[in-house]
Amino acid sequence: MKMKLKMKSRTYWGGAAFLACLAVSGPALAEDVVSLGDTVINLAYALDTFYFLMSGALVMWMAAGFAMLEAGLVRSKNTVEILLKNIALYSVASIMYLVVGYNIMYGDGNGVIPGIGFFLGADHTAADVLASNGETYYSSMSDFFFQVVFVATAMSIVSGAVAERMKLWAFLAFAVVMTGFIYPVQGYWKWGGGFLDGLGFLDFAGSGVVHLCGASAALAGVLLLGARKGKYVSGRIHAIPGCNLPLATLGTFILWLGWFGFNGGSELKISNIEEANAVSMVFVNTNAAAAGGLVAALLFARAWFGKADLTMALNGALAGLVAITAEPLTPTPLVATIVGAIGGLIVVTAIVFIDKAKIDDPVGALSVHGVVGIWGLIAVAFTNPEGSLVAQLTGIGVIFAWVFSTSFIVWFVLKAIMGIRVSEEEELEGCDISECGLDAYPEFTKD
Amino acid sequence: MKKIEAIIKPFKLESVKEALTDIGITGMTVSEVKGYGRQKGHKEVYRGAEYNVEFNPKTKIELVVAGEIADKVVEAIRNAANSGKIGDGKIFILPVEDVMRIRTGERGKEAI
Amino acid sequence: MKMKLKMKSRTYWGGAAFLACLAVSGPALAEDVVSLGDTVINLAYALDTFYFLMSGALVMWMAAGFAMLEAGLVRSKNTVEILLKNIALYSVASIMYLVVGYNIMYGDGNGVIPGIGFFLGADHTAADVLASNGETYYSSMSDFFFQVVFVATAMSIVSGAVAERMKLWAFLAFAVVMTGFIYPVQGYWKWGGGFLDGLGFLDFAGSGVVHLCGASAALAGVLLLGARKGKYVSGRIHAIPGCNLPLATLGTFILWLGWFGFNGGSELKISNIEEANAVSMVFVNTNAAAAGGLVAALLFARAWFGKADLTMALNGALAGLVAITAEPLTPTPLVATIVGAIGGLIVVTAIVFIDKAKIDDPVGALSVHGVVGIWGLIAVAFTNPEGSLVAQLTGIGVIFAWVFSTSFIVWFVLKAIMGIRVSEEEELEGCDISECGLDAYPEFTKD
Amino acid sequence: MKMKLKMKSRTYWGGAAFLACLAVSGPALAEDVVSLGDTVINLAYALDTFYFLMSGALVMWMAAGFAMLEAGLVRSKNTVEILLKNIALYSVASIMYLVVGYNIMYGDGNGVIPGIGFFLGADHTAADVLASNGETYYSSMSDFFFQVVFVATAMSIVSGAVAERMKLWAFLAFAVVMTGFIYPVQGYWKWGGGFLDGLGFLDFAGSGVVHLCGASAALAGVLLLGARKGKYVSGRIHAIPGCNLPLATLGTFILWLGWFGFNGGSELKISNIEEANAVSMVFVNTNAAAAGGLVAALLFARAWFGKADLTMALNGALAGLVAITAEPLTPTPLVATIVGAIGGLIVVTAIVFIDKAKIDDPVGALSVHGVVGIWGLIAVAFTNPEGSLVAQLTGIGVIFAWVFSTSFIVWFVLKAIMGIRVSEEEELEGCDISECGLDAYPEFTKD
Amino acid sequence: MKKIEAIIKPFKLESVKEALTDIGITGMTVSEVKGYGRQKGHKEVYRGAEYNVEFNPKTKIELVVAGEIADKVVEAIRNAANSGKIGDGKIFILPVEDVMRIRTGERGKEAI
Amino acid sequence: MKKIEAIIKPFKLESVKEALTDIGITGMTVSEVKGYGRQKGHKEVYRGAEYNVEFNPKTKIELVVAGEIADKVVEAIRNAANSGKIGDGKIFILPVEDVMRIRTGERGKEAI
């Protein structure tokens, strides 16, 4: 990677070179101005691309966040399997979205039926970019990278909700369909310029397209899967404490950090004053909403249960993040804090009621990403002048209907073919031994 | 007085505890142990190398009771812990000469 | 977030568009040069803003570092509470600094008495930026984001020192005052352009404004709080080993990484050659100082105690980072390494003596951030030609006096109102159960 | 760090200032164009430098990844020591490379014998940069920073292979020679423009210069060190499970993230369209290869052992990353996925056979970085038109021969002088107590 | 010879150990156990669901001593472990038929 | 029947288990304990403060056997666990009145 060897010969604007032609008149000068202008376009393209890549890297990091969060909230006997599911689903998503997902989501469909295609085309040539008059302003490969990590996020949401009882291979089989087809289709409807986008449905970074989507798929799975053995016995709810709360906290911090890329990158451009201000506003609001969510959830849980429940506080922060994701740009930081705080209150309530409804969600994914995702989408109608409640509700309905129904079918088929739940025996001794043949913490005594 | 030591499967602890409280047992001490016996352990593979985990996780319940109720206690434990599967465990009955409750200094049956 | 939909209509310099007017003469050309120049200013503004946001994200990540470091160095029975304190204080800081802190720190005061204001104003308009002739060169929102994470850092320092015995809610109440008032006031005195700045007191990234500040507040709390039960019994010092050293090490690595944003971002500009070189130098020196601190502390601990104490090595790395923070730009990398190494030697000594003085600091925060923070500020007098020992000592005195005294009062009042220490019972069984109702590692047997 | 105080007085291009001279004619205009051109060069320099620093920060983060991965795969009784080795080796590398390594690697040698020098020179002046006509386009300090983290990576590879039995101080002594001399010399041969580079040996980001290099040094150490007590008894292989798989998984995620800086930064330039596209392609391919490696290793392990071995899956992802590192730019994402997948198949096989050969490598470093590093270098001959199998094989041979032989000598001398292996007693009770005097998890019962 | 098993509160271990060494006891074996008894456990709330932790952490001390000093030992333990609060624990005395020191093969009292 | 409790060094568990199976023992229960005895613990330093870890990790093996083979078992354990170093541990023999196999309800020797 030695610098001197890699320097391209192509010559860009060089002040030195230019001093020579100071004397020369109009035309020559004009040419220099053109070459200079082209250099500036090159620079802007490079900056926007770099901003994309950094944002994408931060979102990729969220995969680690989900893995740690979930590994911390399950029991030790199911830890290896949840870790494996998380890192494997990220890999599956990376491959499936490359093979076909991206083309479905950003191909040319008719608004409802998406187009289809495979793999990635060549990147923009310099000539095209210069000729595009600003229309083409960053690498399509960087766009793919930024998009692919989003799919993984949606799928990560599922793994938490079905934890501690779903078969590894059934889960990965679902991941193939989810990341290659289910997610891209609804993604096309909104971000691909499909009919939802036409309807004026607003979803800045994916409270709906990513979070509600993931939660809807998870719900379908959970309903077909049933609760963990021992969770609801003779009508009573049994708490099943997570085995490693430092991991869960680390996971939340990772997600919080990654979210700056998730929302910040979704502005899609930073190379001028307005855009730079916009991205900055998104960063500030994203942070404010998370803080608001955590504080609200913490106080609420304390008031309700008499204890400062760390796991609720963590879910509160995530709720704040999910809530602001649909519109992190237009609200003021104060409003963003409030939007997040409401998300925090909602998530605590949702977790308790979903539990009472005997829907077993070990990590609270349905509440955080589903219920609060809906809140975030509705909030747009109030925080963004261009937002309309009708459009938002339509979007919510469409995304849920599509993802839930298709997921339900896929889960159902998987259940019929290979089964989606481990045997009672295996569940008792833990999925780690039966599915992975390993203990997560072999040296530490367990209950 | 007798000391009863029962080695049971961990997930049976809850029902055994209930069975014992049902017959009026108010105290017991529990610990985690590893058991070797007819029930064979399971195979694990770690990075290609197979190995046997020969010890199975078990739970040990120790309780001291008045001699006359010992059999009742043993029966209660057996009924609650029995799943008919190999590895259900064992119950041992040992003689106890005396007991003291630390808090009060009481001795003998009163101390149980 | 679909690109095509978000593209602003505003047209920027486009080579293609320009080719058309090649023929045209002077004035037209001149206009193009102007529009081109504006585009360049836009770009520079975007780059500096992006640099700010990335630096801020790295500093935000330090909050996770403190959480992991502290969770690793306390006993398992107090782990949930320290995790909660850390993530909650970050949230409180984010809100309080937004509400009022930022305005106190960067409002218009008279040099001693700061101004006051609430929430954030609008960002710079493109017109203002273009008219500012380079004075205004990055988003004020990105500035806020970069500043807010610093407050959290200062507060994180406190949580470690008072760990394992302070009440959760008293701690958070203190955080409100600290992040909303105490920190911003002294921040104003230096970075807000107050009298300390006028005196020529130098503190590049906050050895004083952030680290000494946090340590001074911590000291006041520790003195009023007393040592953990069982730490000093009948004159003997009892070691209370941290329960999870991998977490402590992870935390140190996180802090090390975040520090590149902490110091690197404090150059405040990167968009030209001199600034880019400066930021690079700061990165190199920051890394060198940390390395020097770790090696020095490791060797020193080995020589002194006969064992290669990992926790001392970790504190050594942090000491190196704190030491260089006051001036990471002017020293050569070699000098930076030495400044860090001296920090490493100091921290080991300080930890032992503070312990002998029966001041109980579970994680060594007073030594790392306080004692070494002072060393870092003094070092400036020797590593920066513009530095003056008098000014540095004045700054140290002022910051300590202000933060210690105000903090002492706040802690004192809290002690009177609600009490700051958990009951002996609660301390014995651990704060996790009593305050949070959870175990951090419920499945793993504890001593 | 108050902005207003740090603003340089130097005036750059300002549209406002410019409006004044709209009237003026040719020459004046020309001057403005020059000053504008210089500003653009400044900007490009700043962007490339920033890109370097961010990439370097990501690579630095890999040090944490290795620490967590290794801490997760050893037994708890050797955890403190492996953590200490990892963070200490990073520090030693930072210092040694600063003192002399960098100068050996990028000094002026004769192609075989490198030059020598100490510490770092001054950075480029603005004048030089402007005069360089694009040749000099980023800060030399940022270059150093990016380079120094690579050395640490190579050394981190060693620590894993010799874990659980090597003496701490012997290891660190080796680190001094490795990072100050052995690595830089072969680095010079390739990236410093030495004879390997002349031969047309291609190694984009270091499958050879970094990974094979580290593995070769590790192999020499392992051979002299022997296997852990109890690993191979009476011809049978005994599995020694890692004690904390969540840590190992976290480490893998960290490495995956850091690798974007490792490969992405190795393009060395991003400030124009072609380069921005190139960097984007590198990101996409790096991610694709890791995903391919994980999936392939997971399926292969499942088929072979009947269990979905998480540790093999993690090694598979790392194998994919190592495999693509030699050429992440020219292959299409699909090809990159395949290159990674083959790496995943190779690593599983290699781990099993190296184990059968009774070469004890607790974390699989020899297989991941050595065997797969070689595969990556060979693959270049097929994925890069400019690649030649002969040149690649030569490079492999030279690097291995040099690093293995010199390392062997150093290990040998260390063994003679101070011994490289802990006593049997110490190994039984664990290195943590004997070498560091600490337990990693003092409160949790161990087998 | 007698075997004395004491179930005490964990934080009392230090003082009990000292009390025993004071009266010349040179060996004992300690383990972590969970106790069920009059002392009720505590409530925890996890994500809104309350649950009882009915078992309290206890420490079990086992030591074999010559019959004649058994009472002295029991008293020593009691005094050191007694806090007068419910949950202080129990002491059990069991008969031992023989003892062997592995290192030397000694038997009986010499082996203790 | 007798109950044999052996306190041994953890790393001896494997060989003791083998020695026991060699003489036909089919069941045993193992647990982790901490031992205090002649073998002194080790010093640790934590952040400059020295402290003694007075308890050494030990492994406790409990098994109930028919009275007549008790001595054979004790010998087997001793030979396998003996390293001649201080801290090798102890073997205690206690009387057992009865045994029950939970699965079958068998009593006495058959249940072992």
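Going by the order they are written in, the chains are A, B, C, D, E and F; count residues from 1 in each one.
FYI, a contact is a pair of C-beta atoms (placed from the backbone, for glycine too) under 8 Å apart; a residue touches a chain by one contact, two chains touch by 3 or more.
No experiment lies behind these values; they were computed from the predicted model shown.
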Message: Just to be sure I understand the contacts, which chains border both subunit D and subunit C?
response: A, F
- prompt: Quick one: subunit A and subunit F, Cα centre-to-centre, how many Å?
  reply: 54
- prompt: What is the distance, in whole Å, between the centres of subunit C and subunit E, each centre taken as the mean of its C-alpha atoms?
  reply: 49
Message: With centres defined as the mean C-alpha position, give me the subunit B-subunit E separation in Å.
response: 18
Query: Which subunit B residues reach two or more other chains?
result: 31-32, 44-46, 94-95
- prompt: Got the subunit D residues that touch at least 2 other chains?
  reply: 26, 29, 33, 36, 40, 43, 47, 50, 54, 241, 244, 250, 305-307, 309, 311, 437-439, 441, 444-447
- request: Check the chains against each other and report every pair that touches.
  value: A-B, A-C, A-D, A-E, B-D, B-E, B-F, C-D, C-E, C-F, D-F, E-F
Query: Within the complex, which stretch of subunit E touches subunit A?
result: 44-51
- request: Sort out for me which residues of subunit C touch subunit F in the complex.
  value: 237-241, 301, 304-307, 309, 311-312, 348, 351-352, 355, 364
Query: Which of the residues in subunit B end up touching subunit A in this complex?
result: 10-11, 32, 42-46, 57
- request: Write out the stretch or stretches of subunit F touching subunit E in their complex.
  value: 2, 6-8, 31-38, 54-55, 58, 60, 74, 77-78, 81-95
Message: So in the complex, the part of subunit B that touches subunit E is made up of which residues?
response: 3, 17, 26-31, 64, 94-103, 105, 111-112
